[in-house]
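What follows are several structures.
Paired with chain B in one complex and with chain C in the other, chain A is shared by the two complexes that follow.
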Partner chain A sequence: MTFTRRRMLVLAAGAAAIPILPLAPIPAFASAEEAAKLMADFAAGKEAVAGKLKLTAPEIAENGNTVPITVDVDSKMEGDDLVQSIVIFADGNPRPEVATFHFTALSGTAAATTRMRLAKTQNVIAMAKMSDGTVYMDKKEVKVTIGGCGG
Partner chain B sequence: MATTPKPRVRVPKSAAAGEVIVLKTLISHEMESGQRKDKDGKTIPRKIINKFTCEFNGQPVFSCDLDPAISANPYFEFSAKVTESGTFKLTWVDDDGSVYTDEQKIEVA
Partner chain C sequence: MGYTRRDFLQFTFNAGVAFGAAGYLSNATRALAQQKLTQDDLLRFESKGQVTLLHFTDVHAQLRPVFFRPPDTNIGVGDNAGIPPHLVGEEFLKAFGIERGSALAYAYTSLDYADLARSYGRLGGLDRTATLVKAIRAERGDDKVLFLDGGDTWQGSYTSLKTNGEDMVECMKLLKPDAMTGHWEFTFGQDRFTELVEQMGYPFLASNVFDSEWDEPAFDNAATFVKGGVKVAVIGQAMPYTPIANPRWMFPKWSFGIRADVLQKNVNEARAGGAEVVVLISHNGFDVDRKLAGMVKGIDVILTGHTHDAIPAAVQVGQTLILSSGSHGNYLGRVDLEVSGGRVTGHSSKLIPIFADIIAPDPEMAAKVEEVRAPHAAELSRVLGRTESMLYRRGNFNGTWDDLICQGIIKERDVQIALSPGFRWGATLLPGQEITLEDLYDETSMSYPAVYRNEMTGAQLKEVLEDVCDNLFNPDPFLQQGGDMVRVGGMTYTCTVNQTIGNRISNMALAATGEPIDPAKTYTVGGWASVNEGVEGPAIYDLMEGYISGLKTVSVQERQAVKVIM
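Let's turn to the complex of A and B:
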């Protein structure tokens, strides 16, 4: 097959027509597309709202092997105002899933800290699901000096 | 690297009733991601801790599903609301089926 100018235009138009989710990162790698899909699955049709969930991550991580991240949701943790779970995705890792935290009313606050691996400079995405089905999200770009996957 | 994973947990010894306390946990584990290759080019099989749970007097407090993107020696910091004295039971589940546990008592005044 030869790539004529016309054919290239058709291809470009086709690529641009792929729907991009609101707030989702622009799919640049296979993993980013996968992350977008997992995010859509987690949101289960709801639109992810920014604001209540706060993701804390370093702007620059010198060592991608241990990047400290903290998630925190402003929630009373009782009744309808209870965070059920928080997921973390990294859209530039070989596998976008990082962790899923599950909270209960006994948790007191919906906050957790852990350390994660980042293969390269990428977006870290956190999404929280409330007991009433509301979905919150936050996103941080972390610049990685030395990648933390493979060897 | 193939040492027995050893949990380290920090829980306050005492707390006031209804207080939200912070628990810090660390377990020594290489968290082999399944992405690395050895010097012959063969993939090193994945071996990670895939689940962590925390219970207080038998009630679930916090749990986490881990993926290979969690760093070696997985560290967790989370909170718990305590209303009575009791025991925190922390459990880590390995890919090979091993289960590592730790218990911490707390006095609630």
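Let's turn to the complex of A and C:
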């Protein structure tokens, strides 16, 4: 039996190998510095603090092609305690910006769920901007594995 | 002539050493080794309070008693270095005050294993477990006892494979578990899994399994019982990395994960609903549960499985007791709880090693086991060969069963390098035993058995080894998947345990020539149990049946394919 290179990679390395297959030109991976610059731009001079924003992500991705994440801000969603937007970055993906969610008082709550592709183990970062300019941040490392042998 | 207990133990040990090489101990010697241990001794327990929890886990479809050699290597990393369950051999004996050569030394360590196995006989057997469960229910009163199945119950034998888990479900029903969680159960595929859960007649609980499309709970997370007048909530936690360690395509409907936040919410709900005791029946693995116990508040007892650790009594972490009841049906775990004012005020706990020659089989279960095995009797007992070496699997890096499997793959698939997954299930054969078809399936029974043949570069091979090694030795237990290191044939390497992913594996070389493995060069590689869909190749049990039948006499030298550095 003969195997093509593609077949071999899929067999040997599992789902996580798929993103690195040479199917299409792959942009250079963003450096963590590029993500840091985008984060600084979003914070607009404020220091991002931990606390009200909670990012939920798996410790290990079941499928790097579609990793579910949830962001949730503990907010009254009125007056100064109003979330304007939440942005999500993946600091190891070719383009670190993953999603931006905008909210208004009519949103009622500031929560969102989406799925994202992660090409390798990396940090997922969520930042929330409040109406008073405060910026909250939460970060989770998500491991992308090539499939194991659990007993 | 009268023996003191100490004399007797000395004698047993020496006799084992003296006669071990010559073959089996005489029946008289074996009877002597066991004469002081009785069923009553094994059942003796400091009963306490109103609630008794019985824990049974990771039987891996072993209906009958087996030899199971405990690991000689079980390295803990980070906060878990050097503490249970990461103690083996002399360190284990010292930590738990067990005398070398004793019955308990045999039950818990690999020291003098073959000799002591001949003295003390096999452990386990579902008919023996049934005797103990019935005796404890009679002693305590049925209204005080919860019997909980931690999972990995349906997979791991010839009959479980041929009946798609039906044999185990039918036998377990007689034990009347109050609830169950699981892991390998899912590898029968989501349709068969659902069918068997409906058939078993008690709840399958999983707080951490969600519908992968809608992100809604896929199963009940908890069941509530009143035992001894106390309201007890039992929450289930399935193996969090089932879709990564096993083929996700077999159960695409479900998403897993540890989901500590979800668990906390479910514990809070149970408490709010009036539960005085909260029990987690878990397939997380010991180190994951130890970390979880420090994070999630309000769990009184975690009955933990998956990593196959047998620890003689519960370990306390903060306000939570963790009982780890081993595997292969070798032990029954018991925890008694005294509850007053809505909280646990006292406890006692222990594992009962199930010495099969000492505990009387329960006739009802014995008949059922016989019934499910009868249609397969001829195949089960078919002799493929004989082994001159002890064949075992458990250990962080290697076992002789996997050495034999790697040899078989190299020969039958004509490859340079073989990989065999680091499963922790699989029984042991003593030197001199025949290898039956049943024995082979005890090591290889699974629903994705194809043995692939690939080409891989040295760099890709390293990447695979690094990835699996990080699943075992990442200092964060939440990133461990609970298996052992993938076994290698045809190559050697060095593992630096306390390094980081990408930096643990070095000195990779071909075993035959010592030639270093070149990252850029291509090698032929064979292996089995790939988690990918559409893998082609013969089933591992068929391949090995041919290989062992051809050898007739198996002899596997203990070898050091892996050099371990801390």
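Observations on the structure shown:
Operating definition for what follows: the second predicted complex is superposed on the first by the 115 of 151 C-alpha atoms of A that agree within 3 Å, B and C clash if a C-alpha of one lies under 4 Å from a C-alpha of the other, contacts with A are read in each partner's own complex, and residues count from 1 in each chain.
Everything below uses one rule, namely that a residue touches a chain if its C-beta (ideal position, glycine included) is under 8 Å from a C-beta of that chain, and two chains touch if they have at least 3 such contacts.
Bear in mind the structure is a predicted one, so any value in this text is a computation, not a measurement.
In the superposition on chain A, A:Ala99 contacts chain B only, with no contact to chain C.
In the superposed pair of complexes, A:Thr109 makes contact with chain B only, with no contact to chain C. In the superposition on chain A, no contact is made by A:Lys76 with either chain B or chain C.
Contacts of A:Thr56 after superposition: chain C is touched, whereas chain B is not reached.
Of the two partner chains placed by superposition, only chain B is touched by A:Asn65; chain C is not. One of chain B and chain C touches more residues of chain A, and that partner is B. Shared interface residues of chain A (contacting chain B in one complex, chain C in the other): 113, 148-151. On the chain A side of its complex with chain C, the touching residues are 1, 3, 8-15, 56, 58-60, 62-63, 68, 113, 121, 143, 145-151. For chain B in complex with chain A, the touching residues are 20-21, 33, 35-37, 56, 59-72, 74-81. Partner chain B is touched in their complex by these residues of chain A: 65-67, 70, 77, 90, 93-95, 97-109, 111-118, 148-151.
Across the interface of their complex, chain A is touched by residues 183, 215, 239, 241-246, 248, 255-258, 261, 306-308, 421-425, 452-456, 460, 463-464, 467-468, 470-471, 478-479, 481-484, 486, 501, 525, 529-532, 535-536 of chain C.
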